[in-house]
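Read from first to last, the chains carry the letters A, B and C; within each, the first residue is number 1.
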Amino acid sequence: MNFGPFIFLGSFVALLISWAGLILVPQLQLKDLQPETDNTTGLSKPAQPAGMALQGASVYRANGCNYCHSQQVRQTSFYYDVVLEAAGDFPDVFTRTLMEVNPKWEDFEAEMFADSSYEGEVLFKNIDQFRKNYIEKSFENAGIGDLGVKIKYVFRPSGPDISRGWGQRGSVATDYLYDQPVMIGQQRVGPDLTTIGARVPDETRQLLHLYNPRSVTDGSTMPAYRYLFKKQAIGDEPSPTALPLADVFAPEEGFEIVPKEEALQLVAYLKSLNVQSALFTAPMATPAE
Amino acid sequence: MSDLMSQSSDNEPCTSDVITRSGKLAFLGLFGGAGFWLVFAGLFSLVASVKMHSPTLLADCSWMSYGRLKGAANGMLMFGFGTQAAIAVSLWLVAILGQTKVRLSALTLGLSKLYNLAIVIGVVGIMYGDTSGFVGFEFPRYASGLLLFAFIALALPVFITLHNRTERQLYPSLWFVIGGMLWFAWVYSTGILLLQVFPVRGILSAAVHGWVVNGLTMVWLLPISVAVILYLIPKLANAAIPSRLTAVLAFWGIAFLAPWGGIAAGTPLPSWVGAISTAASALILVPILCVYYSVAGMKPVRGNNPIDRTSGRFVDFSFLCLLIFGVFTAINSFAVVSAITEFTYVVDALRVLAVYGVAGSALFAVAYQVISKQAPNCDMCARFAGMHFQLFRLGVVISVVSFAFAGLKQGRALANPDLSFADSTASANIMFKFSTIGELILLIAALLFMTYVVGMTVRSLMADWKTCDWCGPNAKVEVAS
Amino acid sequence: MSQDKHNPKSTGSDLPSVGRLALPVWILIVAVMLGYRGCIYVDNVGGGLSFRPELYGPYRTMAQLDSVQPSTGGIEEAIKKGRAQFSGAGCGACHQANGQGLPGAFPPLAGSEWVLEEGHERVVRIVLHGLNGPITVKGTKYSSQMPGLPQLSDESIGNILTYIKNSKEWGNETGEWITPADVKAIRDETAGRTKQWAPSDLANVPNK
């Protein structure tokens, strides 16, 4: 029997199933994804890129920045801190309740409530949601609300990227809504760039870094992108956009380095990679009051 | 009659050698192109790697920036070398296992030139700045469309030869060939359509990109490599695959599981997508174990002549790399491990292991079997082949091991927020330097291979010229009376 | 294609053969183990078979995702709704969408001391019954009159006023939340009134 057509058909069906699962279904689920609106400012999140930033995205793509830099913050988990806001009128009763919830809380002294220095005291730090629910329930059952006690549960996403300051929460699909193409990258030979605009807002520093990374970061392995700049003779007076290079990196006497249009666009794009905003699918930390 | 002039000598019995020689134009053209692109891919990779150690090298030329060099190198390696050689291997396998001569050999030669033109256009486009932005799928639209057309055209001789086979029962390798050619065409055309012609919105392009790039390795190069392993190892070892059922499971396992990989668990897609992709990646180990069972214990390196021994070594190395690749992919699917290895040099290690170690070795094994028959052999040629293998194996081992260790150190430093980012690159630096050495060795090995192919092509042309009735030294000249 | 005139199964055929052994059991065991582990993984990490597109990263179920949402507290909702209702009710026609009003004609709301003053007694009365008479807002005198809008519901008035008092774009951040109950209390208190308020009357109303 000639199995040839059967194998062809079977191969077709096999790939069709994976195509449907990984491409068709996500497309159906996410094709109508909309940006969310900020409650207080009314701005859309994420913000739609425009002007120089949009052109800068094209420069980013054309120069293959995504071979070394990623644009995704990873979140591995989330934690709570339990913060005491007001100890209420019956500190002894509250102390007893607290020790029932966590017998290890032996050092807790009722005298702490003598003045208002207890406000903001972190009772429990870095607890997971299961434990937080248990504590919340215990407090409710003990009726601490009647004692005048106020407890705040501070929510915090966590992960190595977040601890490192690369972002406040994990990246989700809505963050990439306006990216064309999405350049999440595969390697972190260089740092993640999701919030680089907020971490390094100084444009001059970004330009210096592009011109010669080692002038800004010692021992950097990033290649120099000198072709994004042009060397020109200094005219009557130095150009306002000329780079303030240190002596070792500066061109010879009488010459200055001026960024080309592409460099400025790229820096505008990097500046637009700004802070993250809270989304329904990706809540952020409870803001400190 | 010279072989250049006719496809079939009707009275010759259809032995393997005759079949291999019947496709001379096709094979020399395709393998020649593959070797050419392998050399350039190696060169570009090496320059890119060196730029990381010496950042001001070539810093004034936009065409030589790191990202563009890497993009061009990826394209040349996967499509110029990998796909082209895999087409040649497919053509040879259908002819040999179907016991029929190669069809449309001269047309295939012409189409391979068209294919190479597409690659040239793509590489120039990338270096100019038109890269698509997707790692592993960099060719701009105008090049990728032409490449797809050339590929589909090149698939014609393969399927026509298959259709005209005289041995009707399909040996397991042919299942992988049939599947692989269909899958490449589909995966690549999906990439063009959904990423370049009608781009999908937002993060979906990352999903399509992941599926396409995974497909290019796992359902194109990997099945062709398995096809080679399942044929050459038993043939060179004079043994037989023990179980048809295991081969069946290997094929359908790859068919249904391999395309699902490619999306990391932490991707910003809904978590079910990454979870299913990771779970399927782990299961890839099962078809690979089936391949292991099929050829375990066979010793293909005990061939009669040096070329057979070299082919045996190559295919054995490919098999070993396949096992390591399968085990590592399964381990990498665990969240504990991928949290460390994601975004590190481990990605490069797996790439070198898959494209050079598994696919490259298998393709070279067949290349030596095929090209060595196209011209009378010589000791020097066989020695080139042996040197090529030693250097190639050394290069792959150094590259993979150094990338893997660099990646693990980098990953562990990245996962520790107390260490600054600079510490993570610094910790990986030494092993990364070794990987540059690995790239250099792979480049030299590629040059050796190219020398072999060019040398054998020249020898073949000279042999044809010598036996040519109307053009060579023995040409019969009519004396005007 | 030229006719192949050679034997189908020629001599010297070196095609490898394929044996008939059965599938080894250990492969099946590995397959089952990996398959089982995969299912558990998808269940844990991928939100099981719910395939929800809103679940990302560390959030395992929709219930969990809902539980970690910041408590919107009524005020965020009210501000959001108030923003929409501000234009819908026509307030923007005079006070402008940016709250700057029209110099000489309509007083601004952004930074206005009447808005920022703590308490809602006066502003609710203004919206319910209107204002007639010269008032000074941010140092400028305005003398046009504002019609009352008693036809708006308590909720609308509450939302709009909450928005006006908390709009970050305008620089108003009083943190006050005017609930429908507040509006209803004042409406009941002033039931039967149709006349617009004069600024001097309002000055006598304690703004609590």
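Just so it is clear, contacts are C-beta pairs under 8 Å (C-beta built on N, C-alpha and C of every residue); 3 or more make two chains touch, one makes a residue touch a chain.
Everything quoted here is computed from the prediction, not taken from an experiment.
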Chain whose averaged C-alpha position falls nearest the assembly-wide average: A
Pair of chains with maximal C-beta contact number: A-B
Centroid distance [mean C-alpha coordinates] between chain C and chain A, Å: 22
Separation of chain A from chain B, taking each centre as the mean of its C-alpha atoms, in whole Å: 38
Centre-of-Cα separation between chain C and chain B, whole angstrom: 52
Multi-chain contact residues (two or more partners), chain B: 266, 268-270, 273, 276
Residues of chain A whose C-beta touches two or more other chains: 26, 29-30, 74, 76, 170, 172-173
Overlap residues in chain C, where contacts from two or more other chains coincide: 51, 53-57
Residues of chain B defined as touching chain A within the complex: 51-53, 55-57, 59-62, 65-68, 70-71, 129-135, 162, 168, 170, 175, 178-179, 182-183, 186-187, 190, 194-195, 199-211, 215, 219, 251-252, 255-256, 259-260, 262-263, 266-270, 273, 276-277, 339, 342-345, 347-348, 410, 414-417, 421-422, 424-426, 429
Chain A-facing residues of chain C, complex: 51, 53-58, 64-65, 67-70, 72, 76, 79-80, 83, 166-169
Of chain C, residues touching chain B in the complex: 1-2, 4-24, 27, 30-31, 34-35, 37-39, 41-42, 45-47, 50-57, 59
Residues of chain A touching chain B in the complex: 2-4, 7-8, 10-12, 14-15, 17-19, 21-23, 26-27, 29-31, 33, 61-68, 70, 72, 74, 76, 160, 163-164, 170-173, 175-189, 191, 212-214, 217, 219-228
List of chain B residues in touch with chain C within their complex: 7-8, 10-16, 96-97, 99-101, 103, 160, 164, 166-167, 171-172, 231, 234-235, 239-247, 249, 265-266, 268-276, 278-280, 282-283, 285-286, 289-290, 293, 330, 335
